[in-house]
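Dumping the structure here so I can ask a few things about it.
Chain lettering (A, B, C and D) follows the sequence in which the chains are written, and residue indices restart at 1 in each chain.
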Amino acid sequence: MQIPYTLQFINLLAALLLLIAFAMLAQRRILSLINLFAWQGALLAVSTFIVAYSTNQHHLYYSAGLTLLLKVLLLPWLLHRLINRLNVRWDVETLINIPTTMLVGIALVIFSFNLAAPISQLAEGITRGLIGIALASVLLSLLMMLTRRKAVSQVVAFLALENGLFFAATSATQGMPLVVELGIALDVLVATFIFGVFFFQIRETFDSLDITHMEKLKDD
Amino acid sequence: MDDIVILPLDVIGWSVQFWIVLGAAGLLLQRVPRLINDVIFPLSALVSLSLAAAGLWALAVAPGVMVLPLGLPDLPFHLRLDPLSGIFLILLGGASFGVSLYSAGYFKSMAGGTLGLLCLQYHLFLVGMTLVLLADDAYMFMVAWEAMALASYFLVTTDHSIPDIRKAGYLYLLIAHVGAIAILLSFGVMQGGNGIAAYTFDAMRSAHLDPFWSSAAFLLALFGFGAKAGVLPMHVWLPEAHPAAPSPVSALMSGVMLKTAIYGILRVTFDLLDTQLWWWGVLALGLGLLTAVFGVMFAAVQGDMKRLLAYSSIENIGLLLVGIGLTIIFHVYGKDALAALALTATLYHSLNHAMFKSLLFIGTGSILHATGERNMGRLGGLIRRMPWAAALMLVGVLAISGLPPLNGFVSEWLLLQAFLLSPGLPNSYINMLVPVAAAVIALAAALAAYVMVKFYGVIFLGQPREHALEHAHDADIWERIGMGWLALACVVLGLAPVFVVGQLDHVSQMLLGAQLGNAAGNWVFLAPVDTERASYSPLYFLLAVLGVMLLASVLVRHLYHGRVRRSDPWDCGFPAQTARMQDTAEGFGQPIRRIFEPFFKIEREVPSPFDTHPRYHGQSDDRLWYILYLPVKHLTEKLSSLAGMLQHGRIHLYLTYTFVTLVVLLVFV
Amino acid sequence: MSLLLIPLLGGGLLAVFGSRRWAAELNSLMSFFTFAASVVLTVRVVESGPQVAFNEQFFIDQFNVFLVALTAFVAFTTSLFSRPYMRIEQHHGKLSTGMLHLYYSMYQLFTFAMLVALTTNNMGIVWVAMEAATLTTVLLVSLYRTPASLEAAWKYFILCGVGIALALFGTILLYFAAERVLGQGGTALLWTHLNQVKGDLEPTVLKLAFIFLLVGYGTKVGLVPLHSWLPDAHAEGPTPVSAVLSGLLLNVALCAVVRSKVLVDGSLGTHFAGNLMMGFGLLSVLVAAFSLFRQKDIKRMFAYSSIEHMGLITFAFGMGGPVATFAGMLHMTVHSLTKSAIFFAVGHAVQKVGTQQMDSIRGLLQVSPTVGWGLALGTFAILGMPPFGVFASEFLIITTAMHEYPWATPILLISLGVAFAAIFGKVQPIVFGETTAKQLPHSPALVPVFAHLLLVLMLGLYMPPYLADWYRQAAALLG
Amino acid sequence: MMAEYDLIFAILFQLAQLLLVVLLAPLLSGWVNQCQAWLQNRSGAGVLQPYRVLRKLFHKDAVIAHNASPLFRVTPYIVFGCMWLAAAIIPIIAVDLPFSQAADVIALVGVFALARVFISLAAMDIGTAFGSLGARREMLVSFLAEPALLMVLFTASMISHSTQLPRIVDTLAHHQFVLYPSLAFAALAFVIVLLAENARIPVDNPGTHLELTMIHEAMILEYSARHLALIEWASSLKLFAYISIGIALFLPHGIAEVGNWAGLPLAILLLLLKLMLAGAGLAVLETVMAKMRIFRAPEFLGTAFLLAVLGLLIHFLLGA
């Protein structure tokens, strides 16, 4: 049968999302990391919009707009300002070298696809297979979190993880109830502000954002 | 009629409540310590007496039952008062009566605040022990048991500024708690049916376990209660904790609390479990023998008088365990008359030990107050300074040495009779074991005499080893009364065995369905099985000895003269004697240490002949501590360091934990 | 729903007036109102069964109403405690007025978040509220702005953030499964509805969902190996915060786990979720018990003991069945009360000495018997010594385990023994012996300590019938 | 009617034996000393010497240390009483002694223990170096000797299913003659115990006051006059008691049965004979053996203990 264009398009977006996730995993420079994050947000917004259009649920339009506002404009802007204020334009040092990370990432993707396969079977309509991708990007961001040693890049990874979730929430399940999405958005916002506060505090206490300084608390 | 049947339990209920009130009052009255000493403790002694009376009463009437609206929703507190509880209540009441009276005098010197607190803990301790004896479901038993442990722990650590005492308290409560866990497990094994209601003792009685599980229950109980009683190898806490406590508390712990553990073993083995196996008996017998010999051996080499008594308590617990083992063996092989004999011996010895050990412990309390000295090597000659304490403690010493006509001898006599009557058991191994066991018992008894001669001789006799002792004062009036009561109890228990055995028969009847009875048929002669086999009459014995003595003295005085001349001791014409030439405690124990050398971990520094200031230091340690306990400690530390490695402060690794956990779980779906 | 409005209002008020001198009193007052409201609510629920409100967005049954009451109560007593505590901290110059301001407002908002998480019917909102609770406490943990506190807060934030995110994924999967049955839109995440149709939910999806929910909320519960944030956060935050974290937040998170467990096992018809919870519970108990040995910081040690007890409770809920669930809830209650009481006492002790290193805290009984006895009794209570209530619940849990899963009992008992040895051995010299402590500028608030301990003692010896029925109904509800 | 007569006669017997032993005991020790003297080619002081010693001591004034406590003064009477009693309840002529109903073999051992404890305490009372030394050694010897004695008695009472001496003797003497291998071991053990308990060579030497060796003498150093007399008398009673235990257990034949008046004269004659033999044997033993170091004593007595237990085991094994 002829697959509807919307579905094809969403699948394409999903693929791009995954691609960007990989790109972030591979990325060494923090600025471009943030830009990539913004792009991811944009993809997310678009896909949400399409889902909203194809299933014409109105509240999805709101959340698409919200995504655009938050993740494409507000957060990247905030992060940029932070970086300028703290002038931390260094390269991202990773704990594990990039190729290894990539290999692990690929393994994760395969794993999550297998995991999602049975679920995809029972998903009808346009969302087939998206769970897998969402799961994959979540796991990839998680991997990124635990390979980066700068606070900022960890935060970006965290936000990317949120993106993956959001993608699952909208595209895969065609939108959670509005209340939930508003709540989620709010939390993300607050979280980011708190992150900001933290950056300054950490900065002024450790005069660096390298979180490897923060390994004092342990059982000895 | 019912109310009359229930009545003993009611009396006990009131007594317990009254005790709680007294304890609280003590806490409130801490501003006026005089009131606590002269009013509260005597009152509490009266309560003890009522408790003992109720226990005696309970022996005759049918078991009383009561369910309190307390405890868990589906498992309220069950109380039950049967002959077994009754006997131990008599023990508790009788001993605590004397000890409480004594305390009235003993704690006079104590500061108000501490005294108030101590008064509260003291009474909670008594209440805890009482409830242990009454509990009829697992939950209440555990609550009472641990409350008892907790109260006694706080009592032990009364003067907690001394690090050793803190250490003792820690060791004590830790082992007690481990034991409690084992007891809980054993109850869990014995639970009847399912649901929480299966934890009433009635449910356990009705439950039928296969040999494996009942053995498991027995072993767990033996371990748990053994830990409380100080059975090898769970004894290490006892010689630390008992000396650490104030003397009246040591008296209660040694005299009464250890018996609650014996009570627990009896309750579980003969009441809750419906079948017994012969090898349980052998196990108990063996453990008991080991404990007895070990205890007396270490008692012989102690220099601290309270430690010595504590070790002697270990010995007596060993004897009790031997009695229990014999009872089990006989019961399993259907020789219930003999089982009754062994059980009677056990219970009798419990009573006796409660009395004379309490007496001796409070006696050491008086000495401690008079001299401020626990090390026997610095005492001596106190019989002239404190005649009352000396006289009363002499009774205790003779009793604990198992000398006729006092009470210690009666129970040992019964125990040995049980051994002598044992042949004819189907199992030849046990038949072989029995004489050896009897021999070991005899050995332990003889050694006990050795220990006690050392104890009394070094403390009370000879010349004072320190000048400070010249100012030692005798026990005050309350203390004398308390000690007097316990000494009296020793004498009475020794002279009226027939009556006591008659009372104990209620217990044998309940647990074994058999009675010892008295073949002699009159109240003078005690003849367990048959007059032809054995009989003993302490009364005639006493009369004869006294008669012969009086006869001799009268004759001597009458035929010759009573002239006496005082002079310096002759001592083989040895000139210039000082008090330092007497045997010290350690010197007196030295032969034993030498004979049983392999059992001790001895470290000594002996001065060379050329030392200008020669000093001797010797210490005999318990090897078991190094063999059993330290490895466990090290293992725990190793494991905990492993656990500590989890927490090394690097957030990436923490995230990795999350990540790995997630992935693993996802994989294993 | 005055219950929820009060703390929100309180948060607002304190956000405004937080820097005034009477802010502390206002804080306590608000908490008291919340408590009163919760009592009213409780009475209503116990009388007339479960009820819903705000077109089913909120749902109160016997299970969460008991948690609501508990939360409100402990929040109230903690506010009482924090009044002098914070004053003393200020006196010592550790805190500025601004920080206090932040503290008071955040305290109310935290209460609000927890109450929402408890009372809401919408699994999504549960998630939102949990996240909110995390965010509010993060700032409280880093209140002192010391490097250590920052590090602790950062770890807390990151780890719990990730955890929560995973929980969100679980929620999404839940919704994904639910919408097939309940159709699109609002009702598909309502617990009540899910509970009705749990039989027809898609098992495979729910399995997946539960794993994510367990890992997510489990991080907040502090289950090993997701517990790493917990000791740091407890040790470095202000003591009242440690008290509420240990006493309340963990419960709330666990409550979420239990809710989802009910759904998942209902749908699978197997004991899958239960087994997972039991596994995590046992692991937590074991690891925490052995970790206790090496602790030097007193608050850190009690944090580990919280992990241990949470493991025990998780195990109990995992076992399921009326008795075990009953025991689990009872243990939740007594643990919250006891642990917060301990933290109160510890807080004052630490203030007296000026350090959290146990080696330098000595002889509390000498300088202030009340604090000393509070700590000693609290410790014995938390160690499961009768006659305190903790023993009652542990008794029930262990005996049930002996009946249902005999193999688990040795692990539990060994851990309990080890924990006993560790904590008792460290607390004894703190309470006893010669002292190193000094007097305090403000008189410590010990009413909460002994109020809690008395309650615990009562629960150990006597449980009022209505309370028992209440627990029973709740247990029946969770099955 | 008849029973009452029996009882009265029995009581008479009891009193008679009381008198007999207390009078006969010094004679026995005198006899032993005399035999030793002969064996050592001395012409001894004669068998009546102990009586003279006692008379002399009773006449003297008692000299007591300043710090002696009442315990010190009452002990001699207690010891004397105990020993007298012990000697009185052992059937040596006839088996019907009513008092042995009141005290069986265990009580007998108890009596010895009682006396020992008191004399040891009294020895420590004055607080001299030798006193406590003696007390310590006495207790050291006894804590091995006493259980050994108990085991010996147990073997006998196992055989006769009774712990009452009359019954034991009755069984051993008047039922059909059986050889008891267990008793052989018991006898050996008993001899050792006898030597040890009565302060004989090789464990102790009653003859000397050599500090390094003495045990019993060290304890009674501070006693004089009537007290010393009583103690001496008591120790000869003790010797008598032990020997008569030995007789009763190992060669009881000839002791009169219940109510067999006719047998009495013969019994008395036999008794004297046995006593003389035993005393002579003791003398021989003491002469041929050498005093051993104090720390060899435990091993020596340990052997006795071992033998006694072996005897008991053999009884279980062979049923004889």
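Keep in mind that, in the parts below, a contact is a pair of C-beta atoms (placed from the backbone, for glycine too) under 8 Å apart; a residue touches a chain by one contact, two chains touch by 3 or more.
Nothing here was measured: the structure is a model prediction, and the numbers come from that model.
J.: Which pairing of chains accounts for the highest number of C-beta contacts?
T.: Greatest count of contact pairs is found between chains B-D.
J.: Please work out the Cα centroid separation of subunit C and subunit D, and write it as a whole number of Å.
T.: Going by mean C-alpha positions, subunit C sits 79 Å from subunit D.
J.: Could you give the separation in Å between the centres of subunit A and subunit C, each centre being the mean of its C-alpha atoms?
T.: Distance between chain centres: 31 Å.
J.: Using CA atom averages as chain centres, what separation in Å is found between subunit B and subunit C?
T.: 44
J.: Approximately how many whole Å separate the CA-defined centres of subunit B and subunit D?
T.: Here the centre of subunit D sits 36 Å away from the centre of subunit B.
J.: Which residue numbers or ranges of subunit A touch two or more of the other chains?
T.: Only 115, 142, 145, 211, 214-217, 219-220 qualify.
J.: What positions in subunit C touch 2 or more of the other chains?
T.: Each of 154-155, 158, 162, 166, 208, 231, 291, 294 in subunit C touches at least two other chains.
J.: Would you pick out the residues of subunit D that each touch at least 2 other chains?
T.: Within subunit D, no residue contacts more than one other chain.
J.: Every touching chain pair, please?
T.: Here the touching pairs of chains are A-B, A-C, B-C, B-D.
J.: If we count contacts the way the header does, which residues on subunit B are in touch with subunit C in the complex?
T.: 69-73, 113, 138-139, 142-147, 150, 157, 160-161, 163, 166, 169-170, 173-174, 177-178, 181, 184-185, 188-189, 191, 194-196, 199, 636-637, 639-644, 646-647, 651, 654-655, 657-658, 661-662, 665-666, 669
J.: Of all residues in subunit D, which touch subunit B in the complex?
T.: 58-59, 61-67, 69, 71, 77-78, 80-82, 84-85, 99, 101-104, 106-107, 110-111, 113-114, 116-117, 120-121, 124-133, 135-137, 139-140, 142-144, 146-147, 150-151, 154, 157-158, 161-164, 167, 209, 211, 221-222, 226, 230, 295, 298, 305, 308-309, 312-313, 315-316
J.: So in the complex, which bits of subunit C are touching subunit B?
T.: Listed in rising order, the residues of subunit C that touch subunit B are 154-155, 158-159, 162-163, 166, 207-208, 211-212, 214-215, 219, 224-226, 228-229, 231, 276, 287, 290-294, 323, 363, 365, 369, 380, 383, 385-387, 391-392, 395-396, 398-400, 402-403, 409, 413, 416-418, 420-422, 424-425, 428-429, 432-434, 460-463, 465, 468, 471-472.
J.: Which subunit A residues qualify as touching subunit B in the complex?
T.: Subunit A reaches subunit B through residues 95, 111, 115, 139, 142-143, 145-147, 149, 211-212, 214-220.
J.: In their shared complex, at which residues does subunit B touch subunit A?
T.: Against subunit A, the touching part of subunit B is residues 643-644, 646-652, 655-656, 658-659, 662-663, 666-667, 669.
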